[in-house]
């Protein structure tokens, strides 16, 4: 699927068809509704060594009788653990930091001066837009129980967040208030669409962007998040995705590729100088992505425990390994180790370790980083030029490919000694690799098809792209009436 | 009077300015420019996209002088700006008809 | 009062008089001294669902007999909760991040190149200055028990922080060490004066700035903080201010307006191009303000619990709503959604939700954001030009107006189901709105009068403003001998 | 010793000899092997007021029987405290933030435009490099038990981090998972070499940098960290170093001085304009260093308790005092308070309070800041020009001198009422000062000698410095093929 | 035709441009330059390292005009750019042989 | 010899440079300038404060050539820099008296 998707000459019709087929195939495979969302990776933790893990359920049970009548199906009584809550409040701040200013700067530093403000503003505007959408209905669709349609999508129990009381938790994380869980998940819903903007940098209308992202969040992100985390059908299939390699990165990467294909190349692509204006901003951005990713990955333990600890260590190690790996490969092929290369490698490592962070040990993380750095180098530097699509800032090259590599390698390196919920090929469970690939195919296909349909709908109504003149003058002035002086 | 334009290497600016001051030149104007010539530029590579930058940073000095000292000025610039390496730059001289000092309204030689 | 204050043609004498009157009026209303600071919003939490809330007091009581003899009136024995402490250490770091580099960049990006360093340096220097003042005497004045004068000002029990031992807590927050409480509060005392600098950007002497801020902290900030948080008379009046809408934002905004009026307009205002030099810095700054505000608002729960959780969720939602609201209004009126508009809207939302964060539910927060974005747009874009004062970076337009809007709307949207300490008009308690307005009037008047007096004292001694030549050359070179190359 | 080291005319041979002698002298003084690392400052806390401090050991003891067979000598069973873990996860993120983007920007803003990317990239590349080295063998060498050689260096029990299981803690910090302890310490190992780069900015080859830092980490940092924190001989001598004044700052400063001496001055030093290109970046960097240092110093309590609280308060106060102190001294001597001066003062204060943060009270911190600001001003502004070495960004002037000043003043201001493990001269224990000086001498000498040897080895093999032409063209283009446009 | 180059203070640009437009000048070209002259620069100090910056920011206006209006142009610039303070700048006039408007190929007076 | 100054649209620079190189021109100097002319600028709005920016980014090419090829050079620039849209720019030609190559001291035609 992945290789299909990267082929720009593949007819769009074929793509849509493949997607439809894969989806149809997927439906029967998931006909076990009402599965409680108990086994979502985000909650997994090795039960033995964490004494607090034992207590909360007990307390929760004790408290539940009184609170039960008003609780929605996805909810549970809060069994507050202040330490876990402290870490999740912090993690939420860290993941927000990834998008603003992290991703905003990472992308802004890579475009030409005339588009720097507009590029950063896309991340900022998406942050505001998704927050409101998530509070109104997005969270509810992704994380509540959808009843009959639970395998595919949640319900409206938390429409406008009503019922999210002070003594309630989500059943995925009973030791923290549901408000914290909801906001933490919100930051994931924010960064995913923001990542896509790298693919179509320098050419989408700001108004089209807002409409595209609104549709994409509700039609693509919320369902897929529900499948993987909200108790939907992918959970039941045993796909391992610790912190969102598939939901966030693969998803954003595939959507980016479709955007790049549908919008077409930038004016002057290949002939004009499109060198990044100021990579120092990109370096600040990549650094904040790195730091913030501790919240993303270690926060996905939804507790301040050994699982969070190992996720943080693995994140750090894989990221560093991938930065070095990209650097070395580039040094060999291009004679110089570029700064943008180190940054790109680091981000590739962060992406690839995301599904694996709470399943592998540090040597697994080291390998994942080394492999992801080299493969994403090939994706961003070679494949793109080979196939000729203009994925401007390599949303697909880094997040799509990195996400896929990470998902597969999670199937290779997962160890049950780290997390009882998952074991991979080196742990004697070679079948996990196929499950991982299956997860990639289903999510990737669905994402590609629906993204394509949304783009088409917009293209033939309000239009997606600025005019050629506007593109040449730059998005800062034409979309926002401002510029950097 | 002559209007002399010199393209030089950036790190030679201070030496040239001092040389000219010693000659009695009281003013000059400097612009950051990019030069294209025998001296080669450099290549930049960003994720596989390669850009050849053919232009080299240079400094342009413009100085208006009385005809009498024009030769001395040219000589001084030549001497001070020379590193002997390719890319040292050029001096261009055009005739200058008229000069005004804005503050005082003085003209021509008085204005220099 | 607010509308009076915004009127630049209002004679200064009238202003001073009004202030004096309001103050006199306020004094009798607060003649209940020795009120223990039990009901300060910062400590409020729904007692039931937080199991740890029950335990600490018990332990505290057990420990107290031994420690009691040495404790000051404001202090209590420490009943350490590591989770709460972890979150408050983090919150302190987050609030510091708001000022440096957050606010420094937000403001610096909006001025002309020649003043960028100096503008950022004002925030940095204030951070250093206020830290030292706070440690010496500021904290003591604001947060200790002033004995006979307790309604108006604290005492000297913590002069040089003496007595702040390892086993002591502030009675407002017994689960965290007093050192953490003191430092957390310090970060609020830092950002408040720093916010004012936006009003007089590009024209105050650096030496005057240091003296003004020293006086202002001790004569304006410390008393008002004491009235609201330290057990002073505003607590007893039932004014709701969760995280400092009045103490911090309204206060800074009013002071800013007075500064703008007293210092006069920038040279060239209205004729020369004063376009912001680099809004990307402003975007970084606004983003860090947003992220850091989690510490400001959720940290004001002084615990890692459901109150912190709802405060964080509300903060996120109101901010996003205000960013969208300002954006849409501007799009309608000016034909383009500017980046600076989105940033300004976000900050307006952050300001407005500050007093409300721990009292309202997410739909209240959504409304607060939507309203604040639109009103602050009017304040910064319309009112200022209408009345003709030069509040350079809209300290009053955003913080003053946003703070007032937030205070009033807290009186509208507060729900006792969120926080038992407060209920507003939609909860059947319409009288709360008047209390909120009363709080605004008292704090605003006091602030205006004293700020004015301080400025006058400095103006006629060392002088406030740089010379016209210095202003034209820029503050970077003339005040600090440096510049951006 | 310090004054010797700063003398550029001191013959290198003498330096090496002095080092060798001091080392020889040190060996007998440390002949008590097998000392358990119980008294390392990082674990110290006043035992009484922290109720959780009592519990964990008990639990640990209870769990140990089962887990004991597999534990390495340095390890213990994990007695998880979620609050402590939450804070240490956060602290790790904060310390990483110090290096990327903090230090990267602080340094990058001070160089000329042509070297800005390369300078920032040095911090970024070191982050990646050290992470991998630390995971493979660095952590093991510094923090495991070296058996017979334990006084000098750890062993290989954690080679590739094997054995770092989910239920294991380091015996220095039993309330947090070893993975968290390891990653927290990793961030210290990252920033130390990155600090050195300030000394040789603008002139080292990128390839030489990578090899130098690899050797330096393993041959200098790991041993010294082991002596001070890993149970090595300096612990036993009673040297007080709360958060790494000697291991991190003095060490980096001395190494920087040796680098500056060996590499020689920048081309054009003293004749060409080398004014910092953009001090706003430096201001962002210094601000992030300040914020991140809360993780560094308060995180060194390895718990979320009163010790962390006082360390945070002291950090804040000393930093502010030093910023003001440098500012005032500069104002007197140079007629203007420069922005770079305030930033430099703040960093000097951060450095100087590092060894003291958990041993002194706030007035001690105030004095430390005031003194350090003034002395480091002399170091960076006067001494350097006096002696004529080109420590480009004052790695020695700020970190070396500040580290030494802080170490000595810790011996002056330490109070046993703050931390039972240390008392200084004002507490009646004047002898502590000598111990502190002894610590400086031993670590400084060892560092100087080994750094010198590594540099020589590289100089005569692959070469250390770029060519003169490359230096003039700038490191961005010549080392990385990129530039800021 | 004349090619007139004026060095002026940056904040005078708008006034000069308006003055010239009023005269019927339809185009001009502006460059940011650094001037050295009687007007002093400033000093910057960074951690004790002192740099004297001898150059002052100036604006260079280049405008090609018909000979008939050259004097009026010079006079207008002189008037509008004058602040009376040192550093007001200079005006240089050289003869202009030939002009082409790229878009239309028009030449000389037609091209102005 | 002639000293030719051309104001062109920035994105035409590479084409013009290649065209001139093909003609045998071995050097030229480029400056980023702002042009005022028939082509309109843009408006920026910041919190209600509106700024009309009348200047448009342009590139100035300065090239000294032998008189023989001056016409060819002018023609090439005209051809290569033309987009047909308003704002394509102008070419100005002034007589050049003297040229020196700093590195070698060669003068006039030899120095070009």
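Which chain is which? They are A, B, C, D, E and F, in the order written, and residues in each are numbered from 1.
Rule of thumb we're sticking to: a contact is a pair of C-beta atoms (placed from the backbone, for glycine too) under 8 Å apart; a residue touches a chain by one contact, two chains touch by 3 or more.
Since the structure is predicted, the reported quantities are computational estimates derived from the model, not experimental observations.
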Both-way neighbours, i.e. chains that touch chain C and touch chain A: D, F
Interface sides of chain C and chain D: same vs different residues, half threshold: different
Averaged-CA centre spacing for the pair chain B and chain A, given as whole angstrom: 55
CA centroid of chain A to CA centroid of chain F, Å: 49
Distance between chain centroids, defined by C-alpha means - chain B, chain E (Å): 17
Residues of chain D engaged with two or more neighbouring chains: 81-84, 86-87, 90, 275-276, 284, 304, 334, 336, 338, 340, 481-482
Residues of chain E engaged with two or more neighbouring chains: 31, 44-46, 94-95
Every chain pair in contact, whichever chains are involved: A-B, A-C, A-D, A-F, B-D, B-E, B-F, C-D, C-E, C-F, D-E, E-F
Chain C residues touching chain A - in the complex, by the definition given at the top: 46, 48-52, 81-84, 86-87, 90, 94, 113, 275-280, 283-284, 286-288, 290-291, 294-295, 298, 303-310, 312-313, 316-317, 319-321, 323-324, 327, 334-340, 342-343, 345-346, 361-363, 366, 417-418
Interface residues, chain E side, partner chain C - complex: 11, 42-46
Residues of chain B that touch chain A when the two form their complex: 44-49, 51
Residue ranges of chain D touching chain A (in the complex, touch as defined): 59, 78, 80-87, 89-90, 92-93, 96-97, 100-101, 104-105, 108, 116-118, 120-121, 124-125, 127-132, 135, 160-162, 164-167, 176-180, 182-183, 186, 206, 281, 284, 304, 476, 479-482, 484-485
Complex contact set, residues of chain B against chain E: 3, 17, 26-31, 62, 64, 94-103, 105, 111
